[in-house]
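Following are the structures in question.
First chain A sits with chain B, and in the next complex the same chain sits with chain C.
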Partner chain A sequence: MAAAKTRASSFSRNLSAAAPSQGPGLKCGPNGLVFLSSGIPDLDKILGGGFPLGSLVMVMEDAEAPHHMLLLRNFMAQGLVHNQPLLYASPARDPRGFLGTLPSPAASKDNKSYETDPDQEKGLRIAWQYKKYFGENQLNFDGQKGSLSLDGKHEYSNEFDLRKPLDRHFLNRQHVDCVSIQDSPDLSVLRDRCSTFSSQFPRNDGSVSCAGRIAIQSFCAPQCAYSNMEWDMLSFIRSLKSMVRSSNSVAIITFPPSLLSPSFCKRWQHMADTLLSVKAIPDEDKDLAQLLTGYQEMVGFLNVHKVARINTQVPVILEATTFSIKLQKRRYLVLECLNQAPVDGSSGTSYGTSGSCSGSSKAGNLDF
Partner chain B sequence: MNQRSSNLLDEALGLDQTIEPWPLRGRAVVIEDRVETSGSFVLHHLLKRSLSPNSSNVSIFIAFAQPFSHYDRILRKLGCNLVLQRDNSRFFFFDMLMLQCPGGHEGITPEGGLIALYGKIHKTILALPEVSRKNVSIIIDDLSLMEVAVNGSSDYVLDFLHYCRTLTSEFDCSLITLNHEDIYSSADRPTFLLQMEYLADILIKAEPLATGLATDVHGQLTVLSKSMNYGQESSRNNTSNFHFKVKENIVECFYPGSRG
Partner chain C sequence: MAESICRLLRDGALEGEHAPALTIKDSIASPFGFHVFAHVLSQLSSFILAGKSQSRGLVVVCFSRSPSFYLELLKNKGIDVVSSDKRIQTLDCYSDPLGWKSRLTETGNFMACSHETSISRTTNVFKDVKHMDKLYNSIVELGKGLVGGGKIRFSVAIDSVDEMLRHASMSSVSGLLSKLRSHDQVSSIFWLLHSDLHEAKVTAVLEYLSSMVAGLEPLHQPANGQRGDMENFSLIEHNLKKGKFHVRFKRRNGRVRVMVQFSLQLSEKERIDKANVVLPFEHQGNGKPIQIYDGRRSLADSKHERPVGATETVQTSEDSGRGEIIYYRDSDDEMPDSDEDPDDDLDI
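Presenting the complex of A and B:
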């Protein structure tokens, strides 16, 4: 048998928090991977750092709500803020229009205002909530006193303010490319564009200088001419994955799974390195409101089905795979674990209070 | 060295006894997995076993899923140096990530592309020294991507596999393949999967636990071994089922409930 097993492993986890030589947009991770941010700090944490270079992310859409657009917007905006070239493909006639809806990084003084929230209970909850951010922010503040983040450029992962559009100067640079996939009869045009794009960031053994992002929205949308060519679409995804693997880029594809046959949907799911899905939350669902705390603030659910396993065979088992998508102050996208409201065991009915997670003001028999 | 842990898998496959002659000689092993539970760790384990220093086994790895660097890193953590083995002609890596038939540039037909691949494998085996020819493992990762490469003509893939099967009888090769069971079970007619399961001498299924996710147990493995007909003994199938936990340097296998 191989003798290597008896000695202690010479591999040590390389969990350096920052990789200053590569710039703020990239971070080193374990197994020789380099991550870039998804644009949503909470999602980066859940996924163990972000999206690894060379991976393919797939997001399953929900026809009832456009939450996948939130993910796409943040992903694209984060890339532009970090000067990472972007290729964006969508079934719209003029994809450039979408760029106008990209959010701007939040000025971090806005983030700090949370801690002074007057509401006692809310204040407690938020203080706990944001303690994890507070430590990180402290690090950033100490690091660069001069260039405080009105710009947001120096952080690996920015909070984006969804109500403030991205500065024009980010969009006017050379490295934003848009493709409309509505009229292409087959996928050769898109394939060629992706190929040229990803060849700008060849992967070699040296350090990563620049990374690219490819975002493809609603890939099998019915208005696209190729949308009934199942094997062709699959073949495209496979070649995109190979392209991305051999370059320093990340590709994200969103697609509505209901438009694919079940067998093909499974094939697409197996293709993904990281697989997410978004779900709409029905308005005014009384049962859900009783079951979950903070229901009123929730916009939707995000499910993490698969986390990228490149260079390793160990699967990632998350403590929770379903998260609620909330818009804090209607501006900032946060993901939270679901908190179940306390159940009154004696009478068999549940009572939930929205807002506080630490029990309600009602007296009652709490039977856990 | 925690030799005990992976023994359940090795036992089920007959790998715990001797390595020479390679117990999987002449047998087709089919590994099935799902989105929730990946079975590629079984591939890595079998590759490592086949490249064990005590044997003269040669492995031909046909990769549709990942590039060489991925397997190299994983196998290194398992204690096997693929670069060294490749240099010593014990490991051949065929990178099929870009194979596309019908090909855009060369105009390869689906059939043609797979025939060429088979030809390459055959040539590689013939080029081996006499002693190694008897101990070749052909490993394919993974079959569903081979189907994509030929644009859905599963018949050609089956033909290719049957050709590889002839190699198992001609040269006593073992054939190890990985496929995704949930793709076919959700199709109308799971023909391809059934054909594969029929072809297999050993079927290894990696499935999630019925109870859901857990950090201590990553899933369950079912190994179905169709015993070869020894003449007086009636052919009997051996089934084993156990839980597993995948780590960087080993796979721990244990009976349900015995973790502790």
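Presenting the complex of A and C:
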């Protein structure tokens, strides 16, 4: 099958074997793509591996909640853990301050329980005829999840503990660059910085040695002097997209769509290779609490509008496009499919386990 | 609900967090924004003077009304203005916002009125409203003058963002507001906006910059835009006395809290009338025959009714007047329930 399925079934192509020379931060995918991780394992699975190099990711913010910051934090922290250079631009006076809030990778023993299932199964004797098929995939799972790894650096995609700040030594390296976009009257400074940054990772036919990450937060924030120059902002995005396309880097831009005029909002959305949006949840909403399982733990919704398809004409059709953002144990960001609450009120399934046969999905309800 | 707003402003900002910011927005259909602003101002002032709030001082930036107006207002609400000059300062952007008067005085063609030039202890005149960074510096300077340097915080009240937007661009005004919010010494900030004076984008920007949005909306939307209709007149008249108070809080856990309250308590008169309303079962046992109140009145009758609070019957008590509960059905399309009327046992 040409289209890569995101569900891990016994017929899926074995995509998880990363070329070791590229290091743990990069993964090969179909159609000659190389992915890097978004920092959120669930999001990587949803998008079919991660963010492909050369793509532009745009996140539509919700003015009422700072969930886009969660996505940015994980993205930036993942890059630093994998030693991938980072350029961060924000409308704050001192963007460096934000680096202090980046999360640290969780220690492996704190990882979610589904990863210990294979170990648990060894103690059990299950008379189940499909176990022999499942066992092959499990070996790959183990190898990829790296339950043997000690410091998390060898994993492609880390779980981040949002309560623990990133070690200082990651931040003190030379390749973290910050730009404040508040006072610049136009976008030439930012454009130059992005250009010099992306030229460090030229794309050629050889193997990818290093990849870079560009993160621009709240691009059209009202306190930026250029924020009413809509055509200029659009042409900046276009030139950023071309810079990123011709280099081994990924750029992520977050912006609040309510501050743009509708026609420009549409244009910006069309510029994106991967388009996500985050939405706030009303608090203490009884109707929503009755409608959805796990409402109490949800902090917001994530919508996947578009997934990058480079080098192919086959579109990706996701099973679900709306996910709830939850903070597990108030530390780990997980994305879950929305499930209607059943009568007995059991919790929904995480996207990661939706393909596994051994996980008992108690829900079995309507998926949106 | 106004209490929760004032409480959030009183509690202020946590370390490393932006200061809570409130936008009060209204429109001509429900023009009670200034009442809300005045209420919040007086509440916050009393908290500050009583030492119950995080902030130890208040800077009131006056654009649409003179500083003496606010000092009078606070005095009327029982706040001791004379002793509070160490806690409350006003920045006068009302008397001479563009510096014209001082320039005319310099050329000698203009004799400034003596009461204008009297230097009050609590007010400072600001003459350069086109430059937001200068305004920012003046506000911060005033605030620091009140509370000193270091970690002590002060609050800022801006009476009209509309006036600021007349003189300066949207991005410089947003820059000022966001810089104030992120200043270490600002505890909370609130401002008033008349949303129909601007394009929708301006309201969207100010809502983006704030952590609480209190909107005033009319209770009844007029059916069509025609102003000449008799029914619409009464609707508009009622909208001028009552309104819907709609607040959105951006909470720290990333969720949004929405609260709606109908019918604001706006005037003394209304408060007295409310106190005079005879509650449903209160009058039973007085020896008078019991009459059941039927809440159904069609909207067409409303123009024949007296407006709320107006009375003609004079009772022997000092505070004359009998308040009334006036109930409007939400829509005329609803068929009045013939069999089950939940208000059947309502007894006034």
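Heads up, the rule we're going with is that the second predicted complex is superposed on the first by the 287 of 368 C-alpha atoms of A that agree within 3 Å, B and C clash if a C-alpha of one lies under 4 Å from a C-alpha of the other, contacts with A are read in each partner's own complex, and residues count from 1 in each chain.
The rule is short, and it goes like this: a contact is a pair of C-beta atoms (placed from the backbone, for glycine too) under 8 Å apart; a residue touches a chain by one contact, two chains touch by 3 or more.
Here the structure is a predicted model, which is why all the values come from computation and not from measurement.
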Which of chain B and chain C A:Arg267 touches, first, second, both or neither: first
First (chain B), second (chain C), both or neither touched by A:Pro256: second
Which of chain B and chain C A:Pro282 touches, first, second, both or neither: second
First (chain B), second (chain C), both or neither touched by A:Ser227: second
Chain B versus chain C as contact partner of A:Ser242, first or second or both or neither: first
Chain B versus chain C as contact partner of A:Pro315, first or second or both or neither: first
Larger contact residue set on chain A - chain B or chain C: B
Chain B versus chain C as contact partner of A:Gly32, first or second or both or neither: first
Set of chain A residues, in rising order, touched by both chain B and chain C: 261
Interfacial residue positions of chain B with respect to chain A in the complex: 1-3, 35-38, 40-41, 44, 48, 52-54, 66-67, 69-70, 73-74, 77-80, 97-98, 100, 104, 144-145, 148-149, 151-152, 180, 182-184, 186-188, 213-215, 218, 246-250
Chain A to chain C touching residues, read off their complex: 63-67, 91-93, 182, 221-225, 227-228, 256, 258-259, 261, 280-284, 299-300
Residues of chain C touching chain A in the complex: 169-171, 174-175, 177-179, 182, 201, 204-205, 207-209, 248-251, 253-258
Of chain A, residues touching chain B in the complex: 1-6, 9, 11, 31-32, 188, 230-232, 234-235, 238-239, 242, 245-246, 261-263, 265-267, 269-270, 275, 305-306, 309-315, 317-318, 321
